[in-house]
Structure formats: C-alpha cells, structure tokens
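Chain naming follows the written order as A, B, C, D and E, and within any one chain the residues start at number 1.
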Amino acid sequence: MTPLQQYLALSIALFFIGSWGVLARRNIILIVMCVELMLNAINIALVAFSNYSPTGAGRGEVFVFFVFALAAAEAAIGLAIAIAMYRLKERLSIGDFDEMKG
Amino acid sequence: MPEFQQTAFILLSILILASAFCVVLFRNLIYSALSMIGCFLGVAGIFILLHAELVAAAQVLIYVGAISVLVIFAIMLTGHRAGDLRLFFHKQAWVAVPICAVAGIALMVVMATATYNATKDAQNPSDDAIASLLFNEYAFPFELVSLALLVAMIGAVILAMKEKK
Amino acid sequence: MYDFQEQIGFPILTVLTFLPAVAGLVMLLMRGKPKAYKGVALAATAANFILSLVLIAYFDRYTADMQFIEKVPWISSLGVSYHMSVDGISVLLIMLTALLSLIIIPASWNYIKEREMQFFVAFLFLETGLIGVFCARDLLLFYVFWEIMLIPMYFIIGIWGGPRRIYAAVKFFLFTFAGSLLMLIAIVAIAYLARANPYATPVFDMDLLEKSIFSYQVQMLAFLAFFIAFAVKVPMWPLHTWLPDAHVEAPTAGSVILAGVMLKVGGYGMLRLCIPLFPDAVVTLAPWILVLSLIAIIYGALVSLVQKDLKKLVAYSSVSHMGFVTAGIFALNLVGIEGGIMVMFSHGLLTGALFLMVGFLYERLHTREIADMGGLAGPFPVMAGVLLFFTLASLGLPGLSGFVGEFLSLVGLFTYSKPLGAIASIGVILAAAYLLWMFQRVMFTKLRDEKWYKLPDLSLREIVSLAPLAILAVWAGVYPNTFLQLIQPSAARLTEKMAPYMAEGGSAVERIFASLGGLF
Amino acid sequence: MSHDIIAIMPELMLIATAVVILLVDPLLPVDGRRGLSWLGIFACITAALSTWFSRGEEFTAFSHGIALDKYSVFFKILLLVVAALAMLISEKHLFLKKRLLGDYYALILFATIGMMVMAEAIDLITFFVGLELMALSSYLLAGFFRYQERSIEAGMKYFLTGAFASNFILMGMALLYGLSGSTNYQEIGDAVRLGPIPEGPLVIAIMFILAGFAFKISAAPFHNWAPDVYQGSPTPAAAFLSVGPKVAAFAAILKFFTIMLGSQSDTWVPLMIALSIATMIVGATMALVQKDLKRMLGFSSIGHVGYLLLAVVATGDSGRTLGMAAVLFYLAAYTFMNMGAFGVLVHLANHNARFNDSLDDLAGLGKRHPWAAGVMTLFMLSLTGVPPTAGFLAKFYLFSAVVEAGFAWLAVIGALFSLVSAFFYLRVIVFMYMRDSEQTEEKTDGKSWDLSLGLGIAAAGVLLLGILPAPVLNAAQDAVVKLLGN
Amino acid sequence: MKTAVLLIPLLPLASFIITGLFGKRYFKEKSHYLSVAAVAVSWLLSVYLIVQVERGEELHWQVYSWIAAGSFKVEIGFLVDQLTAIMLLVVSTVGFMVHVYSIGYMKGDGGYYRFFAYLNLFMFSMFMLVLGNNFLMLYVFWEAVGLCSYLLISFWYTKQSAANAGTKAFLVNRVGDFGFGLGIMLIFVTVGTLSYSGVFSSLGSIGTGTMTAICLLLFMGAMGKSAQFPLHVWLPDAMEGPTPVSSLIHAATMVNAGVYMVARSSPIFSHSPNAMFVVALVGAFTAIFAASIGLVQNDIKKVLAYSTVSQLGYMFVALGVGAWTAGMFHLVAHGFFKGLLFLGSGSVIHAMGGEQDMRKMGGLKNKTKITYWTFVIGALAISGFPGLAGFFSKDSVLAGAFHKGFWYFWLVGLVAAFMTAFYMFRLIFMTFHGKPRDEKAFAHAHESPRSMTIPLIVLAVPSAIIGLLLGLPPESGHIDHFLEPVFEAVMGEPVHFGLLDAGLMTLSALIGIGGILLAWLFYVKRPDLPAKAGARAGFLYRAALNKYWIDEFYFAVFINPVRALGRGLWRWVDVGIIDGFANGSARFFNGVGMALKPSQSGKAQVYLFSMFLGFLALLVAYLILTI
C-alpha cells in the first residue's frame, strides 16, 4: 500500500517541474501546457488527500472536477491569447511582447 | 495486492515525471504536447490507484480528449515551427533549475516526512456519493463553472475569432 | 458652562469657520462675472472680520474655560465629535486671521493677472482652514483643519508664485506634510491610549485628553511627534528651510498669510496640545527646545543679515522672530507664555505688513533684489515712512507691538535661565542690524534710477490695507493690556497645569544634563 | 432551497442581465449598443438594492457554501458600485475605440459575480470557482482591445502570471483541505486551531496561499504584472481591474487569515509585515519615477496595498476587529478615489486623440478642462491622504488600527511612504495647474454624460466618505464583528 | 501740576503727529509754527514745574497699567522730583532754542516739515524719558530718543555717509541697550518690580554680586547712549545730521540720558563700589581718550563731538566717584555751553555754505560777529575760564574726585581739561582768526539770520552765568541743595570749602588758561608748529587722527566676521546641509525607484520568476524567523 506521503511527494515534484517549465520556456503554448501540468499535480494531491482523509472523503474528488472544468476554461483562454498574439505579431514567444516596462 | 499497487505507483510516477520533463525539454511543440498526453494518462493511472475511477475517467476525457486537442489545435493554427533556437529557452531557465530543484526537494521532504491525520487507503466514496455532493452541496459553484466556461467562450470569440470586415 | 446657545445664541464659531468657504463655493458657481466675485470675497472676509470682533466682544475674558462651545457627534463610533470652542489665545489669533484675510483682498486687487477668481477662492478656503484650526477642540477635527489649510497654500504658491514656485510649493507641502503625518500617528496613539478600557471608543476630545495621564515614554514620543509637526510650521531651526523658498516664490498675499497666520499655527499647537497633554515630556525637553529656539533666533538673524532678496530677508527674520515665540512658550512661566503669544500676534501684524510692503515695491520696481534698490525714500516718501514704521516695530522698538512680546518672552526666558536669556537678547541687536541695514539700502542713499520718480507713491487702497496693521501695532505697543488680558487666563491655565511638574531651579546646562538622564 | 435562491438573488440578476446583453448585442447596430451599459448599471443597482434589503438576515446557503451576512453585504454592494462605476466610465471610450461590444459588459458582470462569490464564500471550492471566474474575465478585459499590441500584452501577462498564481493558491487550498479534511472555512479553522495538524505542511500551505493572494493584490515581489496590465488594458478596464479584484481578494484574505488561519498568526504576521514593507517601498519609489499616468497609478495602487496589508497585520490575533474594519473602509475609499482617477484619464483620452497617458499631457489641464482637473485634484489629494477626503479618513482609520494593535513603528513606516507618495501625487497637480501646455490637443467629441456622472459619483463618494464617514464606518465595523462572531 | 506734566510731552507729540501727517501737503514752509509753539509751551511749563519743585512739591503719578503679564506689571507713570525738573529745564530750554534756530538753519530744505516733526518727536521722547517713573519707561524712551537720533542723523538720507551714520548710531546704541535690557530683566527677576520706588526700597535684599551685575549692565546702556569708550564710535559719525540736531541731541540732551540714568539709579550704584569704580574708570579713560582725538580733528563738528564724548566722560567720573551733584551740575552746564557751541558751529557752517573743514576756514571773526563772540563765550566756558559755567562745574567734578580720594581721576581730569582748552581754542583760532584760506567761500560768508543768532545769544547767557547761579559757593552750591533730596541717601559727608579747594580751583583755572595759551602759540603765533609737532609725535599723531582705528577694529573683529558667519550659515548649513538633506532624501527615494526600475523589465517570464522567488523568499523568511 502506497502511503499518502508518496503521493504528496509525487504531486510536489510534478508541481515544481511544471513551475520550471513555466519559468524556462518562452512559447506561450508551452507555458499553458506547463500550467496544466501544475494543475495535474494539484489534482494528484487533492485526490490523494480525499482518499486518505478521515473526515473529508470525496470532497477532494469534487474539487478535482471543478479544477478540470476551470483548467479547460483557462487553457481555452490561454490559447485564445496565443492566437491573438500570433495574429498581431506572428510571434508566440512571450519575450517579444515587452513594450511596457520600467 | 499492495505490492502491485506500490509497483504501479512507482512506474506511473516515473512515467509522469519523465513525460513532464519531456514536455519542458522537447524543442518541438508537438512532441511536447504528446508528452503531455502521456503525463495526463499517468495521472489518470494514479487516480485509479487512489480508487477514484470517476475522476480518472474524467481526466482522460477532459485532459486527453479536450485540452490536449485544444493545445494541438493551437499549435497547428500558429504553425508548429520550432521557432528560433536562441529563443527556445529563456536564459533564466538554467538559473531556475537549481532553484526549482532545491525548493521542490525541500518541500517534498517536508511533505513526505510529516505525519498526517490519515486513515488507511480506500476512503474515496462511490460515484453516487460524489454526484450527490456535486449537485447538492456544491450546486452553486457548479452553476458558476458554467459561467466560467461561458467566459472562455467569449474569450475565444473576442480574442481569436476573425471579424468579418 | 459656556455654551454658544447661552453666550451668543448662534453657532458663531461654525459661521466664522465656514463662511469663507461657502463664499468661495458661491464664487466658483458665479463664473464669468469678474467684478462681482471680488466683491463677494471682500464682503465675506469683511463679514468674517466683523464676526471676529463680535466674538471678542462677547468673549468672557475673566475665565480660562473654553467658550462658545459647539459639540455635535461626528464619527461617534470613533469618539470623534465636531467640537468647536475657543479661549483667549484662539480668539486673538482668529481676529488676526480674519484681519489679515480681509487686508489681502484689497492688497491683491490688481496684483493677480490670471485665474484671478481661483486665487481669491483659494484664500477663502485657506481662511476656513486657519480659523478652523483655532476653533477645533477635537483632535481629529484639529488635524483635518490643519491639513485643509495646506492645500490652498500649496496652490497659491504653486500657481501664482515666482519662477521657482513649483519647487517651493512642493517643498512647503512635503515639509509640513512630513510633520503632519507624524502628528497623525501620535494623535491616534494617544487617543487609543487614553481609553478607559480596551473596548471603549478612543478619546479625541481635548477636554478629556487633558485630563488623561500618559506614561512617560508615551509622553516623550507623542510630544516629539506633535512638536516636530508644529516646529515645521513655526518654523524652528533646523526645519525652517522651506520657509525662505516658500516666501520668496509666494505671491504677496500668500506670504502675508503664510507669515502672518500660518506660522502662528505652530506656536498655537504647542500651546494647545504639547504643553497641556504632555507635561512630563515638556519639562524634560524644554531646555532642548529653548536651545533650539536660541539657535533659531541667532541663526535666523545672522542669515537675514546677508540676504540679497528682500523677501528672503523678511522670511529669515521670521525664523528669528518666531524663535522668541518658542523661547517664550517653553520658558514655561506666565510672562514667557504671554510674551510668546504677543510675539505671535505682533509678528503676524508686522511681518504681514512687511510682506505687503515688499509686494508693493515689487509691483512698482519689478525686482526684489536689495542691490537694485536705493534712495527710494525720494520718489516714495510715504512708502518710506510706512516701511520705516514697520521695520522699527519689527526690530522691537518700544511703544510698538514688537517690543512688548519680545521683551516679555525675554523676561520669561531670563526668569527660566539667565544665560539663555542673555544669549537670546543678542538677537535683538542683530534684528536691528539686519532690518536697519535693509532699510538703509532700500530707502536711503542715492537713487539708482531717476525714472522711478514717475512711479506713484502708495495709493489710497494700499494705505487702507496697511493702516489697520499699523493701528494695531501701535495699540498693542501702547496699551498691550487689551490683548494681554484676553490671553492671561488661558496662559495662566497652562502654567497652573505645569506647576506641579516643574522641578525647582538648576541652571540651563544642569537642566539639559538632567533631561539627558530623563531621556535614557 | 428558496433560501438559497434568495441568497444568490443579486448574482442571478447579474447573470440574467449578462446573458441578455450577450444575446441582444449581436442584434444591435453599434449605436444601439450604447444603452447596454445602462442595462448593466441597472442590474448592478437592483442587485445592490436587493443585497441591501437582505442585510438584516444572516444565514448561510448552499450547505455552508456561502454566507449572507453583513460582511458579504458590505463587499457585495461595494463591488457592485465598482462594477457600475466601471460601466459608467467605459461606454464612450469603447465607442471611440470602436470596440463597443456587449461582451465587455458581460465580462464585467461575470467578473463582478466572481468577486462577489469570493467575498461571500465560506467554502474553499466555492471560493475557488469565484476566483477563477473573476480571473478569467479579468484576463479578457485586459486584452479586450485585441488590435492594440499593448492590450494583448497586458492580457498575456495577466493571464500567465494569474494562472501561475492561481496554481499556488490552489495548491495551498488543496493542502489545507487535505490537512483539515474539510473545505468549509469554519471547520478548517477549528481543525487548524484544535489540531492535530503536521506543522510543516501547514506552513507550506500558508505560504502557497499567501503567495497566491500576494499576487492577486499585487504585493511586492508579486507585483510586476500590475503596472504593465494597467497600462496596457483599456483605461476603463484598468480602472475596474485595479480596484475590483483587490477588493475581492482582500475580502477573501480577511476571511482566510482570520477564520481559517487566525490561530496561526505567529506564522503569517511577520511575513505579512515584510510583504507590506516591501510593497510600500516598491509602490512609492517606483511610482516616483514613472512618466506614464496609468503606470504611476498602477504603482500607486501597489503602495496602497502596502498600507492595506498593514491593517491586515493589525488583525493579528483574531480578536481585533479594528484592523478588519479599517481594511473595509479603506477599500471603500480606495474604490472611489482610484476609479475616479482612472475615470479622469478616460475623460481626457476621450477628449484628446493625442492623449497617451503621459504626465506631460496633463500640463495646463487646469485651464483646458477645469472640472476634470478639479476632480483629479480631489482624487490625488485623497490618494495622498489629505482631509477632508475619503483617503484621509481611510488612512487615519488604518493607522488607528495599526497603532492600536501595537505596531506604531509600522505606522511610522507607512507615514514615511505616504510622504514619498505625496510627492508623485502632487506632481500630477503640479502638471495640471502649474505647468503650461506646450502641445495642442486634437479635439475629439468625447462628451459623455455617463462618464461625467461616474466622475461625479466618485468625487461625491470621496468627499462624503471624508466628511460624513459614519454610515460606512459603522457598516464596516458591524460587518466584521459578526464575521468573527460565528 | 498733573496737567503740566501731561502737557509737557503731549504737546510735542501732538505737534509731531499733525506736522508729520499734514506737513508735507499743507504746512510746507510754515511747518515750524506749530512745532515751535508746542515746544515753547513745554518750556514754559518746565519752568513752572521747576518752580513748583523748588517749593518742595513732588509728583508720583501712575497713569495706567501698561503691561500686565502674570507677575510682570509695569505702569506708565510720572515721577517729578528735582532731578526730573532740572533735566526738563535743560531739555526744554535747549530744545526750544534749537527749534527757533532751525527755522533759519533749515530754511529751504526739502524735508523742512519732516525735520520739525522729528524734532518734536524727539522732544516728546526725551520728556517722557526723564518723566518716567520706572526702568522700563526709561528703557522705552531711551530707545525712542535713539530712534529720533537715527532719523535725524540720516535726515539727508541721500548721502551715503549720513545713512551709514544713522544706522551705526542705532546699532551701537542697541549694543548698549542689550546690556540695559538685561539689567532691567535682572532687576525684575531679583526684586519683582521695575518702578524706581519699588526697586530702591527693596535693595537691601539683593546680594552684592547681583547688584554689581545689575549696575554694570545698566551702565552698559549708559555707555551706549552717552558714547563712552568703547561704544563712543557712533557719536562723531552722528555729526552727519543737521547741526541743530547735533546740538540738541548729540550734545545737550540725549547723550546725557546715560548720565541721567546712572544718577537716577544712584541708590543701586551706591551699593556697588566696584561698579562705581568701573563707571569712573570708563569715564576717565573716555575723557582723556576722546580729548586726545579732538586735538587733531579738522572737521569743526567732529572736534565738538569728541569734546562732547570727553565731557560726558567727565560726568561719569563725577558719578563714579560719588560726586552725584557735581555730575549733574556739569551736565546742566555742559548742556548749555555745548548746545551753544554746536549752534555756533552751525552758524559758521551756514556762513561758509556748508563747509565743515576748518582748514578751509579762517578770519571769520569780522564777518560773523555775533557768532564769534557767543562762540568765544562757550569756548571759554568749556575751557573752565574762571567765572563761567564750566569753571564751576568742572571744578566741582575735579574736587569731588580729589576729595573722595581718587587723585588719579583728578589728575586725568586735569589733563583732559588742558586738552579741552587747547582744542577749543585751536578751533577758534583756525576758524575765526588768521587769514581766510578759501577766498571764494569767504567772500560769500555772512552772518546768519536773526532766528539763528538769537538762540546763540540766549544760550550764551546761561553758559556764562549759570555757574555763578548754581555753583556758588563751590562744593555746596545752590545745585547741591536743590538736588539734595534726590541724592540724600547716597551723598557722603558734605564738604566744606577750604584753602585746599581754593588751590585746586586755581590750578584748574590755570590749566585751562594754559591750554588756551598753547593753542594761541600753535595757531596764531607760530602756525608752523602744529606740523612739526605732528611729525614729532608720529605714530601717536596718526593714531589720534585716525581715531585710534577703533572703527577699523570693529569691522575686522565684529562686523565682517558676523557677516561672514551669516553667509557661511546660509550657504553651508541652510542650503548645504539642511536643504541638502531634504533634497538628498528625495533623491534617495528617486534613486531607489530608478534602481528598482530594471526589475520591471517588461518580460513576463521575469515576472513569473520574481513571483516564484517571492514564494521561496517567504519560505526562507519563515525559516529565518522561526529558527
């Protein structure tokens, strides 16, 4: 039987890999993908907690459903922005949009 | 069959983490997207291990079926060029590696060594119970989610849709 | 009890305070009628001045109690009320404010060329703020008025000022605002500390606060916060550097109000808040403040001596003169306090008049550089005479108002400590030096430009605006008791409050060392 | 169930109106869309009224998902005011920029619903949905002028940072849920207080949540997005974005850190202090060096967040209601003054095609647009904290709370940065009144009664809260007393 | 009597106000009518007053409470006793004469009305000064006469030198008044009152040290007003004013205020022998010091000015040694003859068309007969020619010093007397005798109008006879008896005139005559001698000619350093440090902003990273705080 701690460790690991992706990559589509990875990490934690919780069983799973839905919405908007960026400048690198600074 | 579960967990973990790395590291966006699907599938497997079959199913449907497709569409729409090599990684990526690693490992250690107020495995309730929770207790947020999806639609319309001139 | 209902029947303090602001709003609404709004401004300030005289007439000068009390809850959950009342000190300064506000309207009748209406509106709002400060009996209300007067003055300097007006205006604002913010925190702190229990509402009512006793540490910190706020306004060395800039750049009327009333607000605050609320801290810190006052007196005078700009000279002289105010007040005896108040009053009259004179000169010659002047007594004999009068009054010539206050505060200081009194007296010599030298260089010696003979001497309008100041200066010099009686009970109340706290004897140096012990 | 419906009546009104707007919009010609804003405003007013009339009742709805108490009422009305003001100042601007779409109003309404849910939620899931609803709508509002590079850039930055931060909050909430076994605030609070809960994960959860919220309110060092987003967004949207999400986030922060984490104040108070000081430094000093007004206001709003965090610090151990009431009142004041300040920028942009938000464009404004300059002065003074404006009383009340909680030294630091910030607020006034304009305007017909009304309301609000603050102040106090009572 | 006392000052005041306000427009060249009339009435009233006082009447009258601040209470009140009366008489007499004289002297001047207004103001102030019944009033009108002096010195304000002189006079007096003011404060702090009677009746309770301090501080004021070394520098410069002013203010009345003050405070001074000694010492030094400068001056008015300084020194010697009445006697006598001499010199200047340098004069004897003869009377009087006023008064001073045991002061007095006689007759010989040196000016020279000569004649009479009237018998003359009530408490044993005194008297008379003869030798008999003597004396001569470089010294040691200090404080402390700090802190925050600016790089990736780092920073901060 896998203890809760391992699931959490997996969750954290995935979360930080996703974070690293967000910090490292320039392409907005890829960053959206990495954000999704982070959400998946959270989902793992939620479901794991839900599975092991003495009082809150099931709520984690419900939570995950909401995360799914909102992740989808978020991805849709992120990709819409990506397309808008592409339309405007034919660029997807977020570093190319740096008109405002200072 | 706890051994099987543990073995499966380890294998799935390796799959998830490895494909996650691949998402970040692949130069070609399509490869990244495919790795992401692998990762999603791995997560679905973890859900099954956690006795959350319904969630696992939804994971496959939504992530693999919807979001991944969305991503691939976006890649196609924008022309899936690898892009300028110099711009592949932001220069801070290499600074971020140790920082993320140290932070991640530190948090992992804290999380993994703590003692939780946890019972034994298999507390996840039946699908009925989930449905009941979702449509009774969480009816209001559930309705709101529809608004969020509506917003996403509006977003697609106002940002991405070509206006007829 | 001195409720306004019983004393006069209508809320005179509220009317006094808000009448100018209301007039200002009326003016804002009557855009495009240039003649009419000057009339409104004049009428409002005149009415206010008459009201201030009515106030004095109905004022009971034989009691130290607050009078004409108006008290309405304002923010009751915070214990803040709209509490207005006055004592002798306030009444005197209200009269001065109303008078100077009245005077500057005719004095700047033709001075302002653009955005004239806003100029007068700003002054009306300024008057509201100033009178409000003198009436407020609730700490928060006091602070509100305190800040309100900042804004119009900021605009007056910034919009209608000289070439470096923006720098001067911003400097003025930031210096005073810095002090105010510290004061705000101190206000809050003492209001909460004065509560009877942790669930009671905070205490902002000065009547109640005066009865509260704060711990020594709180007193020291709060006193310093209040004191810095007031010291910036006074201005005390070394917080004075905004003053010369503000004065030089401000239009004449602005300088008049700034020097005439606004600086007094600092001294007033010390009397109204610092001393009654924090007696222990006052006793400890008084020697230090006196030393600072002495520095201000001597320093201001020395720097005045070498000024090349007429306005700057008068501005630095204010630093020196206001040093006598703080010196008198923190000598903590009745003579000194009354002297300090008299210096405030007289400085209001005289420096106001001097700035008016500088303004009149500037309108004619378009310069304020002393080096560009000389021999002006020829073309402008009346002006020379009037300027001489105010110069002499300002340097403390007996028989005019400057002397009484200065001498009294020196006596007070001398009573406190002989060496300090002696050092402060040097300021009197220096005052004569810089003022007479200034007068000599401006009015005497050879006329620099024969064309100036074609310029007019003081006009009737200008004389009329100066006359009340001159009359009051003589009055306060020849029969100062009129004013001393007014402030005596209030000043006496302060000394009575301080009496139990005063340690006996010791030279100033000893006291300073003693206070060092108190600090740590 | 009818109970539940009553509880969400205002939200339902907004939803219905938004849907109507979305449906009607494509059918209308561009000129006909100008009435849509009034539809939205009308919805806000009715929603506010219905909220107001339900203020006497106190109950929870949807199985303890949301609480309808005075606290919610206060925030919901405030948020509806924000939405209404935002719509008032938007219409003409959108029209002139040729982006007058009903979607905009629908997005504002959706965002408002999200914020209201954030404020009234007492359940993590409900809160999270509200948060995301608000966030998603906000991203789109920022990027609404999709043909302007800046707007897209703003949307992109807002989206990326926002999504990243949402993940942090979400992770924190997941941990909180896992550690306490509940998603209900009160139950979590009890669990955290009574234990047993492993300390390490709990601290990590607090950190995640703190970081996430710090982003939402743009506290340093999570602030970088804010100036860019405000600068790039359509100005009326920037007005909305600089106020609404912050109000909602603070509503949630107070609940999170008092109900749930009040017993952990030892952990988060020092961090909050550090955040607050860092935020004040960044906000004040960087606003000093800005030339662009919207950026300047962006940094200024960061500075105000620093002050607000001081008050949150003052809530410290959860017995102190003063700090919470101070936050509420400050937010109310901030709403009017910041919306007003942005509104003036909208006004100027509407009237002058060359206006590009730079400080230099303000030169001589006192002569060209005396009324606009007048109200701008009022807003600047209020932001500085000069009486008799709302900003002063808010700051006064906030300092009261901080001092009362024993953090007088923090108040002094706050005062120091108030002083620094006075400098750049004054500079606006300096430019408007004390500089003469060198460039000429390119006049456009920007006359808009809506906008004037909006500015008038904001100005009136600023003055009213400064002169007669008692009703709002009492409401704020009542709101928080009950919050801690349950 | 009260009416008289009120009218004496108020008439000139009223005249001042009316003339000052309306003179320019309405009175013009008739401005003197009112002024002269007012002073004339005051003069009559003073005569009336002295007669009343002679009969033994005194007046203590508190008119109204002037300042009442806490324990500090001062009245405006009048005190009329013998001292007051005699001062009043001198002031009003000389004042009246000068008024009359000015009608002629100032004729045609642009500021005619102004001049008379100022004179009236001065009369008012001077009357009030002597009439007051407390120290603060004394101080007040002390400053007021100083103001009038200032106004009148810089009357011809377009002249740089006149303007400078006025300012200098006021400032030097202020230095003295600084001490005076402190003295008054010390009195108040010590005894709690300032009225003469109150102070004098509580002297017993004051310690000696305090007493000496009070006396010295008061005397500092007197040194300023009465131009004693080292505060004498203003008086010679004050000669820039019109000559009637020099006569009235800077010779006969105002400068005596210091003497009056010390005399008035005699009860205090007599308690402090040390202070008295200082008074005498300063007086003696000034007497000889000023006389030595007077020896070599070439400006006719400067000579008289130094003479005044010297004679004032004499008076202080008398007061300092305790010969109170002698001091007052000399004051009265000096008032008359020095007033006369100045008016005479004015007449000379008038005759010479404004020329004041004696080296350009000469031979005026015949052209200006009345002036010459009255001048000679004055000069003889001041030189102590037997029978004339100065003879008696000077002798009583010297005798006083001798009898009180201060033989060294007596010796100094003799030397000074010798010098006095010498420079006075040097003046006469250079001006009136010999050949005219400036023919052009001489040709136009003429006797002055009647309004000027009559005052000369009138003043010559008391200069000649007042000694006989008041000073006989010597050492206990009429004046001693008259003033006795005032100085009762402080007078020593009455001195009986003996053989020794007769000898001293003769000696001083001989000294005076010797001086006159020496002057005759130098300037009439052997005109080449002065140059030789000058060359012989060398350094000393140059030093005296340059007034011992006192002015230069003051500039170098006080004035320039003070200005430099002011400039330094302004430039370095004000602008440099304080403003530097204020602007520097503004710049500091600006700098912080500029330094932070790059962090706002515009790259979304960096923002994300900064958020991530922020999260880690929170963790690290927590760790630091908990460990």
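The rule is simple: a contact is a pair of C-beta atoms (placed from the backbone, for glycine too) under 8 Å apart; a residue touches a chain by one contact, two chains touch by 3 or more.
These numbers were taken from a predicted model, which means no experiment stands behind them.
Engineer: Could you quickly compare B-E and D-E and let me know which has more C-beta contacts?
Structural biologist: If we tally the C-beta pairs in contact for B-E and D-E, the bigger total goes to D-E.
Engineer: Based on CA centres, what chain would you say lies at the far end from subunit E?
Structural biologist: Of all chains, B has its centre farthest from that of subunit E.
Engineer: What chain is most central when centres are computed from CA atoms?
Structural biologist: Answer for the innermost chain: C.
Engineer: Quick check: how many Å separate the C-alpha centres of subunit A and subunit D?
Structural biologist: 26
Engineer: Just the number, please: Cα centre separation of subunit C and subunit E in whole Å.
Structural biologist: Inter-chain centre distance comes to 37 Å.
Engineer: Report the inter-centroid distance (CA atoms only) between subunit B and subunit C in whole Å.
Structural biologist: Distance between chain centres, rounded to whole Å: 70 Å.
Engineer: Report, in whole Å, the distance between the mean C-alpha point of subunit A and the mean C-alpha point of subunit C.
Structural biologist: 65
Engineer: Counting only residues that touch at least two other chains, what does the list for subunit A look like?
Structural biologist: Counting only residues that touch two or more other chains, subunit A contributes 8, 15, 18-19, 22-23, 26, 32, 48, 52-54, 59, 62, 66, 70, 73-74, 77, 81, 84, 94-95, 97-102.
Engineer: What residues in subunit D touch two or more of the other chains?
Structural biologist: 125, 128-129, 132, 136, 139-140, 143, 146, 155-157, 160, 164, 178, 181, 201, 204, 227-228, 289, 423
Engineer: What are the residue numbers in subunit E that touch two or more other chains?
Structural biologist: Those would be 586, 597, 600, 602-606, 608-609, 612-613, 619.
Engineer: For each chain, which other chains does it touch, given as pairs?
Structural biologist: Going through each pair of chains, those in contact are A-B, A-D, A-E, B-D, B-E, C-D, C-E, D-E.
Engineer: Looking at the complex, which residues from subunit B come into contact with subunit D?
Structural biologist: 107, 110-111, 113-117, 136-141, 144-145, 147-148, 150-152, 154-155, 157-159
Engineer: Name, in rising order, each residue of subunit D that touches subunit A in their complex.
Structural biologist: 124-125, 128-129, 132, 136, 139-140, 143, 146-147, 149-150, 152-157, 159-160, 163-164, 166-167, 170-171, 174-175, 177-178, 180-183, 201, 227-228, 231-232, 289-290, 295
Engineer: Give every residue of subunit D touching subunit B within the complex, in rising order.
Structural biologist: Of all residues in subunit D, those touching subunit B are 4, 8, 15, 22, 61-63, 65-66, 101, 103, 106-107, 110, 113-114, 117, 123, 125-126, 128-130, 132-133, 136-137, 139-140, 143-144, 146, 155, 178-179, 181, 196-201, 204.
Engineer: Where on subunit E is subunit D touching in the complex?
Structural biologist: 586, 589-590, 592-594, 596-597, 599-600, 602, 604, 606-608, 610-615, 617-619, 621-622, 625
Engineer: List the residues on subunit D that touch subunit C in their complex, please.
Structural biologist: 366-367, 381, 384, 386-388, 392, 395-397, 399-400, 403-404, 408, 411-412, 415-416, 418-419, 422-423, 426-427, 429-430, 433-435, 469-470, 473-474, 477
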